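The next part holds the structures, each set out as structure tokens.
The two complexes that follow have chain A in common; it is paired with chain B in the first and with chain C in the second.
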Partner chain A sequence: MAAGRSLPAAIRLIQRGTMLRYIGRRLLIAIGTVFTSSIISFLLVHATKGSPGAVALGMGALPSDIGKFNQSVGWNDPWVTQYLRWLGHLLHGSLGESIIDSRPILDDLLARLPVTASMAFSATILSAVVGVLLGVAAAVRGGFVDRAISVVSGVSFSLPAFWVGIVLVYFLAIVHPLLPATGYVSPMDGGIGGWARSLTLPVLALAIVGAAGVARTARASMLDAIQAEHIRTLRAMGTPEWRIRYVHALRFASVPVVAVLGMQFVLLFSGSVVAEQLFALPGLGQASAAAASSHDFPVVQAIVLIATTVVVVTNLVIDLAIGMLDPKVRVA
Partner chain B sequence: MIRTATRRWVAAVAALALGLSLAAAAPASAAVKMTTLNYGIAYDPAAKGYDPMKTNGQRGFWEALYDGLFIDSANGKVKPSLVTSFSSSADNLKFSMAIRRGVKFSDGSSLTPEVVKMNLDRRNDTTLTAYGAFRKGGSYEIASVDVVNGNVVITWAKPQTDPTGAFTNETALIVSALGLGSPQILASAPYGSGPYNLQRAGTIKGNQYTLVKNRKHWNARAYAFTKIVYRTILNSQALANAVVSGQVDYALVDDNKTVAFLKARRAGLSSTGGKISMLLFWDKLGKNVPAFKDVRVRQAIGLAINRAAYVNALHKGDEPTANMVAKGFPGYLPSLDKTWGYNPSKARQLLADAGYANGFTFSVTTSADAVPDYAFLAKQLSAVGITMQPKVAASTDEIFAAVMTDGLGLLPGVTMTDPFGFIIGVLVNGFANMQKAQSPEIAGALGQYFAAQTAGAKKAALENLNTAVVTQAWAIPLLEGRTYVTFNAKRIKPVVFEQGVSQPRLATIKPL
Partner chain C sequence: MTIPAFMRRPGGAFGTSWMALLILLSATSRWWLPYGINDQHYDDTLQGPSRLHWLGTDDLGRDILSRLFSSSGSMLLASLITIVVAFGLGIPAALWAAEKPRVQTVLGRVAEIIFALPMMIILLAVIGAIGVRTNTMMVVLGVLISPAVYRMLLGVALSLRQRLFVDAARVNGMGAIRVSIRHILPGMVRAIWVQVALLFAVSILIQAGLAFMGFGPQEPNPSWGGMINAASVHVYDAPWMLVPTGLALALTVIAANEIGDAIAATAPGVVVVETVRRRRTPPPAAKGAAPASAALSVRDLRVSVSGGAALVTDVSFDVEPGKVLGLVGESGCGKTMTALAVLGLLPNGVEIGRGEVWVAGRNLVACTAHELQRVRGSEIAFISQEPMVALDPMFSVAYQLMQPIRRLRGVGKAEARRIAAELLLQVGIVDVERIMHSYAHQLSGGMAQRVAIALALTGEPKVLIADEPTTALDVTVQAEILSLLRGIIASRGMSLVLVTHDLGVVADICDTVAVMYAGEIVETGAMATVLDHPTHPYAFALKGADPHVPAGVPVPKRLLSIEGSVPAPADWVVSCRFEPRCPFADAACRAPSRLLLSPTGGLVRCVRANELDAQASARMGGDPR
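Showing the complex of A and B:
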């Protein structure tokens, strides 16, 4: 124990040091993961049949013209040289240009990122709120409430998001024209109200399935938490029941829920293609589908990099959140 | 406690519903003065950049950005646009066009005959799919393009009696000289002289293209909207939903399966026909399928097919037909539908008369796409004792070779607004008659058409030609495909879909 310091302060310092080391370790792993994935995506793109010249000039182009084009964009250079050049551009804030129409990739993806991100964030938050409420209610109330929530969440969990989307569109946009069936309105163009209206149906479609998964996880972990030893001790000490349930047990139960939410955000972000096609949203999923079908290599590579970064950052945030909620994780 | 909580929930839901209703009502008031057209399209028009020659059949987008030498007109014809006058030489080998003066491109440069020549001289670039007809071996093969006395003169490789027919859809569109500088330039921006210019703000590639009116356009007054937002909605049902729920004002229907939904939801609909899908008998001499030598057997196959059921099962929105000519066009005969429509008992009788009372078996080569069609038709034929066995081809070559090895095949969507060209070019002298079979009835009707001098005489000849082909059962027409456009009838005037035009022109779309 440090001289002149009280025991709790020293513990906090040790805990802070442990947390900082934990954060540093996770950050290093995250950077390494992004770096590795950039190499893999680069290699995959180069292992694919075809070349930028063949894509840009089309099927009928002369081999000599394709060769000239490939030479002009450095496609014939050694892979290491090409990768280092791409990395250099990346460090200078450039993701290169599309080989189909020469537009700067970063500008295009930055315009699309808010669409996918706002959809994934909103759906995750909505499914977290609804899922935790339902899961906790099922665990705490038990009986009919528990059975009803379990059945509804079980059914909802098995529904494909695109089918839920079709049903929502039918009832809320076609039969009762309350919300737009397709399209995205940015907050700058349509204000917050217009933006929210344009995202409501896709977010609902994704959140209904997501909330069901969260509810089932929340219910199971809450039931475990309520029966945990330290909760029984708190009860024996006379701690009020509401405090036991909604402070101590809920905190204990939130670790798996946070993990599930993290996974869900990653899945929603990287798997947004279907929702974006169904609702005609100009997001990253739509861009990745278009780039893959037109063999626009640099765009595919850039989207893979962004998706990987999102996954890694989300995992980092989730790890840190779990570390804060559960001190045992930090030490491990 | 529970009741209070319930009341709060009910109040919250009611407030949300009210809010949504008010928000939903907002666009209706904005519809009073409609200056923006939300145009739905089921494809990404600029997936390969802004060179219109890299696409086919996407005129609905390109005509806003590019002017054409000619524009599509009724009955499959074209009329002058950037061309002010034109003429052909006596031998139909040269085609001269005077080009409109004072036309400016979006880059500020002027339209000249030299620019038109530069455009047409790109024809041998095989990446430009729209120019296929102009290349060597194409139906409008161009030998050379020259500028003579301020006119553009095209020299055809062979005489062309209807040279303007070469300039439909994208082939007529003209790009500025700067745009033609390199493929990369045209990849990133359009360089046309059309009634609208692309606006970068509001354009998201593959999702939305915002165009603003080019007020300096030579024909600007013909276009009603100051802004057009092309919304790419790849899913056909989502596109229909967007029209019904008001995000899209006008759209070309991508899948006729959505037509019933659009009708039920009272969306505006306009359509045109013109394309006939048919069974063609490759083998009329009985070399591959002996039974097909007998005209009664070929007729029986046509009579055994319930076309209405076929359309209802697989081609909703289209129309059953037993005519080789599209409805409403010269040569169309409603009586053929009655005489040669579904009649299984007559089919059985004809088969019995031909000596096939117990039926017979034959196989057909099909692509994977056409399997459902063949499966349906096989079931229909089995009802009169004929066994048709579809086998999926392993390659495209095998499908092409079927004209020599099989008895019949399915040919979808042939434009039959004027059947003469198809009948003489394909049915009599083309790939549908590799065996060089002859029919005095068809030859006689063709002769009558050649000799016809007046419109009335030509119409009578086409009716005879139609009758001869159907009666001799060289082909069995099954359905007439319909192309639909849908629109928000509360915002857009009913759209006129001229017969024979692939889609209504932009200038014909007007707000209420």
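Showing the complex of A and C:
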């Protein structure tokens, strides 16, 4: 009943305009963030001594050839001109070409995006479900259950995901060969089953750490909620305990938990770099690591743009979700 | 030398010991390491632990122990760079923003934007631009983390700024910078240390992650991330390699996090919540019959900290239907604990030691949690001190009222809505429809208290317990709420227990009064008698300290103040508990005190009451009444 009420309420408010103004403000900040990050990545590239010519032509290239190459890609223009040109291409749906293999960057990255997104998304969902269940159980049950969950989540929270990944590979792919150790199978090639099997280990590795983080937040905010003054009012009214816990306290605790889930998704998306390296997954992270080590500037810039957009969109979605959950945000 | 409090917690003790050991071993590594970082032993590659190589060897036969501790020092130092940068930016920014609202707006935007940058990707972009330079990367990481530091510390700084002593310093003409450094910064120290520990862990993890991907110190130089990467290649043939470095890394991060958590947990005001499952073992209470006429009857109530000091002892009172009992006393004398005990709503760790609470023919103390739940709302209800936080902030007023109405009166949705609107009208709300759609944060204090009263009335209870219901409200609103309560009690024949420290409120609305001191009732009787003619030394001291003056009486030059303060439960004396502060105490007062019949017809807990009363009336030269 509680959840059912909030959606129509939110729609009513969108119609009334309060929510619309809230969304508008968040959207402006989001666009500002994307621009800032693209400018930062541009400045970064131009602040260094290297040049695309030197990277593309390799070690033994003649300085005159390097100069010609740089001239041809417009490297010698002022960076503002180059930035505006880059923006112009962006408006036409182009992110330029790799200076290593001259392939169009956008096509390559679009092919990689689903890998990273599905991994980060599955890991977030898994950590949300497990984390909330554990955190709420710890807060509500207390005693031994609480202590056990707190210790386990405290330790898991501190484990490096890539190390967890290797340990999982050892136990679930080598000692008990249940799952493929590395590699990615797209749903087109291996069907949903093959795809899911190829993602299970990376998702587990990320979700173990993620769930621990969510559990810590869920426990803390649920404890806060249970001790809140309005919960005492409910108790004084003889409200049944299940309703106090799972309608009122949980709704109260949901706001920080949703905020942390957003941060988890961003962390997992950005942290997929390491997981993709470990599990040999052809995602954005792998591309960014490769581009970073080969100094493929246009690819680095494109990835920064895409990753920032993903973060910004995630934050926007989370803000909207919190707006729907929390009347204080919704009804200013 | 005393051990800091956070180290006395198990997590803090573990974290500190591991960090100290790690730093010690790293700092002295050049003197004790058995092998050089690049001493290769081709006969002993991929070995497990042995006498020669305590932690085994890697794929080139290099000693893992040596590589582990020769690289740990530079790893810790590099993480320190991040911390210094992040706090070097975050602390001044937070202090500055706390002083200047305009700066706060601008920095808030900047922080929001930096915070939204994907950290790992930006670090890779930096590597793509300048190559692998660990120190520069750690500086960049510090910048990327600084918004988190800024936001956290700004919150602390703002709340410190609101404290009185900072205002006092400002009024005394201290400059903004000096106020920040002298008064705000010291208050932030704990929050800073917590963040330092937690971000140190983040920094180590990210550093290891980068090194794992090959963006760390280059071969043959060791790094923990790089060693784990090498181990991942040999997970098929030498899984042991994963263990030492992985454990060392995990322990280091756990240690930093545990230190942070431990420091946070020792903050003053942080109550470590013992979430004990409520297994209420009802105290041995006589299953006697309810006293006939009273709506609420409390007998011999004792409330104590679980397995510890008593907070309330020997409290008994009755409230007749349609009557109001005022429970008065200074803060800390047990009034609120008594009120909460009546409802069975004592906070965790506090319990009813003995006694009986009779409502509607039931002894609530002997009830199970389920029985108690059924009595609450329908027989007895509660109005709290802070109406704004007493209402659920997440649900509309309509929902909060309709839900108990449906449950307690067994009616449908439409009928519940009608009853809710009617109740709101009865508590003096004119704009019923708007209030029904409102949330707690949209209501004023007085309006919220009216809604809270309506909520308490949803189950048509016979008894209301109100804990300082007007204290948090404006003076004008206080009077309105009091007259509303009086009207409700009178028209519905309900009983009210009103907890207050305000004798004016008592005079306004109460029929009987119980004055509490140090966890016990010291005087009780009819309101007019106790207020006009108190017989307990504490009660007349209270009256002397009351700023209310009846019309026609000259305002006293100065109010009486009672020497000393209410003793904490642990400091209660065996004798009369007021004896240490009582100006009339003599030898007779050393014995434990009992409630006695007072000269005015009530009960008083003072052996000298009659004697003092006679003296007082002799001095006044008149009849005691």
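Criterion: the second predicted complex is superposed on the first by the 313 of 332 C-alpha atoms of A that agree within 3 Å, B and C clash if a C-alpha of one lies under 4 Å from a C-alpha of the other, contacts with A are read in each partner's own complex, and residues count from 1 in each chain.
As a working rule, a contact is a pair of C-beta atoms (placed from the backbone, for glycine too) under 8 Å apart; a residue touches a chain by one contact, two chains touch by 3 or more.
Remember, it's a predicted structure, so these values are computed and weren't measured experimentally.
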First (chain B), second (chain C), both or neither touched by A:278: both
Partner chain in contact with A:174 - chain B first, chain C second, else both or neither: both
Superposed model, chain A: greater residue contact from chain B or chain C: C
Which of chain B and chain C A:68 touches, first, second, both or neither: neither
First, second, both or neither for A:238, with chain B first and chain C second: second
Touching partner for A:228 - first (chain B), second (chain C), both, neither: second
Contacts of A:21 with chain B and chain C, given as first, second, both or neither: neither
Touched partner set for A:197, first chain B, second chain C, both or neither: first
Partner chain in contact with A:85 - chain B first, chain C second, else both or neither: neither
Partner chain(s) touched by A:111 [first = chain B, second = chain C, both, neither]: first
Common interface positions of chain A, toward chain B and toward chain C: 166, 169, 174, 277-278
Chain B - residues contacting chain A, complex: 17, 20-21, 23-24, 44, 46-50, 54, 125-127, 183-184, 187-188, 204-208, 231-235, 237-239, 241-242, 244-248, 265
Touching residues on chain A, where the partner in the complex is chain B: 56-61, 100-103, 108, 111-112, 166, 169, 173-174, 177-183, 193, 197, 277-282, 286-287, 290, 294
Residue ranges of chain A in contact with chain C within the complex: 2, 5, 29-30, 32-33, 36-37, 40-41, 44-45, 47-48, 50, 139, 141-143, 146, 154-155, 157-160, 162-163, 166-167, 169-170, 174, 223, 227-230, 232-241, 248, 251-252, 266, 269-271, 273-274, 277-278, 285, 288-289, 291-293, 295-297, 300-301, 303-304, 307-308, 310-312, 315, 325-328, 331
Chain A partner contacts - residues on chain C that touch it in the complex: 11, 109, 112-113, 116-122, 124-131, 201, 205, 208-209, 212-215, 228, 231-232, 235-236, 239, 242, 246, 249-250, 253-254, 256-258, 261, 273-277, 343, 345, 369, 373-378, 381-382, 384, 386, 389-396, 399, 403-404, 407-408, 439-442, 452, 455-456, 458-459
